[in-house]
Each structure stands twice: as structure tokens, then as C-alpha cells.
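Structure, as C-alpha cells:
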Amino acid sequence: MTETRYERGARALSQIDGAAGENVVAALADIAPDFARLLIEFPFGDIYSREGLSLRDREIATIAALTAMGTATPQLKVHIEAGLNVGLTRAEITEVLMQMAVYAGFPAALNGLFTAKEVFAERGV
Amino acid sequence: MTETRYERGARALSQIDGAAGENVVAALADIAPDFARLLIEFPFGDIYSREGLSLRDREIATIAALTAMGTATPQLKVHIEAGLNVGLTRAEITEVLMQMAVYAGFPAALNGLFTAKEVFAERGV
Amino acid sequence: MTETRYERGARALSQIDGAAGENVVAALADIAPDFARLLIEFPFGDIYSREGLSLRDREIATIAALTAMGTATPQLKVHIEAGLNVGLTRAEITEVLMQMAVYAGFPAALNGLFTAKEVFAERGV
Amino acid sequence: MTETRYERGARALSQIDGAAGENVVAALADIAPDFARLLIEFPFGDIYSREGLSLRDREIATIAALTAMGTATPQLKVHIEAGLNVGLTRAEITEVLMQMAVYAGFPAALNGLFTAKEVFAERGV
Amino acid sequence: MTETRYERGARALSQIDGAAGENVVAALADIAPDFARLLIEFPFGDIYSREGLSLRDREIATIAALTAMGTATPQLKVHIEAGLNVGLTRAEITEVLMQMAVYAGFPAALNGLFTAKEVFAERGV
Amino acid sequence: MTETRYERGARALSQIDGAAGENVVAALADIAPDFARLLIEFPFGDIYSREGLSLRDREIATIAALTAMGTATPQLKVHIEAGLNVGLTRAEITEVLMQMAVYAGFPAALNGLFTAKEVFAERGV
């Protein structure tokens, strides 16, 4: 009865990213369906499904990294929403974003905060 | 009896980064002493001293961001040590570093893991 | 009669960034009002208010850095306008942007030039 | 009868980037006409015109680099189209973009794939 | 008789990166053995083993990306060697590195060329 | 009596970067002599030789950009020295480096300051 990597990944993707994650997978269907499968299998089936770090902690790491990189606004949006899905509060996410001013500069933090503002408005939090 | 930003920052720096943080401050003394003061006041006095996110959670964010950026090896080393100082385990830090392969690529994760390997060896964990 | 960091920063922000800077602060009011305060105090109260480098020279540095990074288009726009506010000419700003092709590649320079084109059109310079 | 660098570059630009390249040059005419000239002379007259690597191989390199950097979406779009112009297939370009997940992370690869999706739709391939 | 992802990846890693790849895997054994497995399975078992793009073309893409990113010198070294292993000549690799000056700036190209110089000297090519 | 681009570039390189620039050119002689020529012709013959911005202002831009990027330590070292060569003081360079904390984060500024510390020590300023 062992779950495959794909099944485990699809379950994790749905739990963490919800509809936003499924939209990404759907958007890949015509251009790179294999990449949709790899996206489910490796990040979600292999990494997020690991024990040893809670999903809440994993989303802190992801939100911080994407904000610092500054090149992944659509994915940051998905993961701010994911953070809310797995138990981070709006206030905690805001703290993570503000802290990025120290490591990646004020523009990175500002762009992260304005992305969060959009997500919070859409979610009504 | 209010603590100044500098005093609050110096206390936070010492608690979080320990001797490694104090070494950075000392190394700035001859080239940019004002920057040593600003480093204590803003990141540590203003950001790390805020309520709303634990130091453990803050170090997850910092380790993730510095690993993803890939341009701050000396600071990543300081913050892997800081993570251990504020309660992260070696295993949890390793999970954060591995997860960065998803967001910043395998080289970023590998370089983070090899930096951690050095810190863990020095600390004997 | 000493001005606080906040007062000094607010004065510098207004002088350098004008309405564009005040719009950023206003947009933070609901999501992260503390970050609006920190943005005024540290970059503007602590850094731009320092002696030792003119505001004109500081804006050359900022325009160059934001263009090279390529992840901060809204902030680059604000600082191209700030450059004009503190005495850089359109031609000097264009030279800085062109030079970034050498250090960060042609796409970075092109994106900087097209951002400047927007600002110059809005300002009628 | 030697062709100048400018002539050689203009010919290469036209062959590789087609109308998209000429649009970039035209858009620079009012803001930085010298930069339009330098763009033709150095990247196209000096680099793309060199022997030793085919245009097809050069576009693999450019598409990979721009996708990994993540800061040059307009230029990536131009070069995905250029790749098609010089003999890469849609499937080969998709493979290059997918591979970037390994080196620059999944967000970089996803953003590259969605850029390609736009170009392929516009070109009807 | 189907090969597992791990077996396929180990074979690809050995063919492409040779001893350099195996050294990376060995260095992970004590800090993150699971990551060594994932490194073999995803980049090599899933991506490099795909049809649709030759290993030679894949190494052009990887060398270009790592040079442009500028944050992965040890991995660039491994992949310049890998390029030689799968059929790129010293001259072709040099062309790819030079071309990166256009997209990521002269420092990125220079650092890539000096890394190649080391590899070529060690390999005696 | 017109100077060629190469001659103009060689003169500018010598004036700005001094021996450090000539060392870079020499180090390219065996691996990529054409790139040594292009480095002299484009950055120095085409860009630094332009009117419209002083060499002092150009070095402010370059030092800021290389510090913010964080991927070009050898080149930053050359240009901190170049800044001194064309009239920037140690104090002015330090101000530029400190300011980068605002735009690229504290690690970028710290790494820039420690690079400057090395250069100032070697030059005895």
C-alpha cells in the first residue's frame, strides 16, 4: 500500500499550495507536462514530505528565500498563501518579510510586503 | 531605565551570534566604526529584538535567505552557528539547506551544506 | 533642539524622493506601519543624512546598484526621479545606466534605460 | 570591402533576433542612441559574429543564462524567438528551460517556461 | 529489467561529471546522505537522462547558466570538466564563457574564464 | 591622427585600473586573448572614454554595482583601487559601500567593506 512519489507529492502540493499550486500544474499541461510531474515529485514528493521540519517552518524558509531572491514574484505569492494554509499568521509572515531588509536590502523587503498586501487582500485576512 | 537601541542591539547580537558577531564588529573598527554601530542598532536593535517571531524562526529565515542568495558565505556561517545558539538542531538546519535546492538550485543548496559541514565540525555537533 | 532620527529621515526622504517616497510610506501604512518608520529612520535618517558624500553622488551609487541588481524596478524608478531631484542631469543618469552593461550585462542596462525613459517622459525632461 | 563592426552587427541582429531586435534598437533612439549603436556593435558585431560556436549553440547558452538570472524577461522572450530563428526546436528550448530548475531553482524554470509559452503562442509553433 | 531512477542517475553522473561528481556525493555522506541520493535521482536520473537534448547541448546550457549566476564556482568547475567529457572542445567552452559578458557582464565572464583556465591546466588541454 | 578604440581603451585602462587592469589582461593571454582585446575595446575604449560623466563618478557607479551584486570580488578590488586612482577618497568609497546595506543588504556591504580594508592596507591609505 505504499504511496508513490507522485501521489505523495500531489497530496502535499494540494495541502500546502491549494488551488494556486494546482493552477501552476494545469498551466504547464500544454507546454511541459513532464515538468508538471517533476514539480510534483521532487519539491513536493521528495522535499516537503520529509520529516524533520514542520510545514510551517518550511514556509518560513521559502518565503524568506523567494523574497531575498526577488526574481520569483508569482511563486512568492503562492507561498505567502501557502504560509497561511499551514499555520503562519499574517503578522508572522510580515515579520519574515521585514527581516529580509537586513539580508537582501529594503527594495527586496518592500516588494515582498507589497506582494503580501495583495495576497492578504485576496484572502480577506 | 529604558535600554537604548544600541544596548538592545548589542545584547541581541551577543545572544544570537556570540563571538562570531563580535568579531565582525571588531573587524569594522578601523575601516568603518559607524557601520559597526549601525549593524548593532538596525539589524539587532530594531529587527531581531522585535516581538512577533521567535529567534529560532528568524534564524530559519536568515539561513534560507543567505543560502538562496549565495553571495554571503561568511554571514551564512555566522548564522548557521546562530541557529544552533537559538535552538535549531543540526538536522533542522540541514533540512532548510536541502530545501533551498527547490528554490535556488542544487549549487546553492550544496554550497550551503558544505558551509554547514564546516560549522558543525568546528562546533563538534 | 536635536532632531530625532525619524524627523531627520522624513526630511531627507522628502528632499530626495519627494512624493514618490511619501507614496511608498503611505502604501505601507496598513500592512507594516513599523516598516514605514524603519524605512524613514535607517536609510534616510541614518545613511542619506550622513556627511562625507553628496546626495548627487549617493544617487549615482543607488541608480547603479538597482540597475545592476535588476530586481527592484519600482525603486529604480523612484531613484531615477530622486537623481533628477538632487542635481543629476538626464544625460548623466543615462551614462550611469549605459555603464551597467559592462558590469551586469546588456539586459540590465536596457531595462534600466527603459525605466528611465518612463520617468523622463512623466517628468517632461 | 571589409564590413564594419556596425554593419556586421546589424546583419547578425537581423538574422538572429529579427523584428524583435530591431524594435529594441528603435526604442532606444530617443533615450540613448549611442547605446543602440553599442548594442549592435559589441554583442552582435563582436560576439555573435565570431566563429567557433554555431548560432544554435549560442542561443542555448543565452536562453539558459537569461532563465537562470531571472531578471531579464523581455530579453528572454527575444532570445526564445531567436532560438527558433536559428534552428532550435520548441522541444529543445523546453528542455533547456526545464534543466534550469537544477541550477537556478524551480521558480526560474517555471518563469522561463511561461515566457516560452507566450512566445510559442505568438509564433503559432 | 528496468533501471531505477537512482541507477540511471548514478550512471549519468559518472558519465558526465566523472570523479568530480563522485567526490561531491562522497562529501555529502556525513552531513546529508539523503541529499546525495536526491542529487543523483533528480538532476541526473530525471533531467540529464531525458531524451530531446544531447549531453553536449545540456553542458552548454549549464556552463552558461553557472557563469551568469556567478555564485557557483565549484559547480562551474565540475561542469567545465563535464563539458570536455561529453564532447565540447576547449575553444567552444571559451566561446560560451566569453558570450556571458553580454548577458551577465564582464566580471561574470572573466571569473568563468579564470575558472576554465584552472580546469584546462589540471586536465592538460 | 585618430586613436583606435583599442588604443583609447588601453590608455583608459592604464589610467583607471593601473597595474591591476594590466594583470587581468595578461592573465587572459593564454586562455582567451580575443577577450583581452574586447575588454580593452568595449568597457574602456567605448564606455569609460565617453564624455558626459567624470571618471570619479563612473567609479562610484562601478563600486556600488559590484558591491551590490556580490559576485565579483576580484573586480571590486580592482575598482576600489581605481576609485582611489581617479580621485575618490578612502572616506568617500567607504560611504558608498555602507550605503549598499540599504539596497543589497548588510552582508553585501560588509563584504564590500572587508574588500576595501584589504585594498586600503595594500595601498597604505
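Think of it as A, B, C, D, E and F in the order they're written, each chain with its own count starting at 1.
Note that in this section a contact is a pair of C-beta atoms (placed from the backbone, for glycine too) under 8 Å apart; a residue touches a chain by one contact, two chains touch by 3 or more.
Since we're looking at a predicted model, the values are computed, not measured.
Common neighbours of chain C and chain D, listed by label, are A, B, E, F. Of the chain pairs listed in A-E, A-B or A-C, the one whose interface repeats that of C-D (more than half of its contact pairs identical by residue number) is A-C.
For the pairs A-B and C-E, the larger set of C-beta contacts lies at A-B. When chain centres are defined as mean Cα coordinates, B lies farthest from chain D.
At the chain B-chain E interface, residue numbers used by both copies make up under half of all numbers present, so the two copies contact each other through mostly different positions.
Put simply, the chain farthest from chain E by mean CA position is C. Mean C-alpha positions place chain B and chain F at a centre distance of 30 Å.
Distance between chain A and chain F, defined via averaged C-alpha coordinates, is recorded as 39 Å. Rounded to whole angstrom, the centroid-to-centroid distance between chain C and chain F, based on C-alpha atoms, equals 23 Å. Under the contact definition stated at the top, the residues of chain D that touch 2 or more other chains are 34, 38, 42-43, 47, 50, 66, 68-69, 71-72, 75, 94, 98, 101-108.
Because contacts link each chain to all the remaining chains, their graph is best described as complete. Across the interface of their complex, chain A is touched by residues 42-43, 47-48, 50, 52-53, 57-58, 60-69, 72, 75, 91-92, 94-96, 98-104 of chain B. By the touch criterion given at the top, residues 34, 38, 41-42, 46-47, 50 of chain A touch chain E in their complex. Looking at the complex, you find that chain A touches chain C at residues 69-71, 94, 97-98, 101, 105-111, 113-114, 116-117, 120. Contact residues of chain C toward chain A in the complex are 24, 27-28, 30-32, 34-35, 38-39, 43, 66, 69, 71-72, 74-75. Put simply, chain D touches chain B in their complex at residues 68, 101-108.
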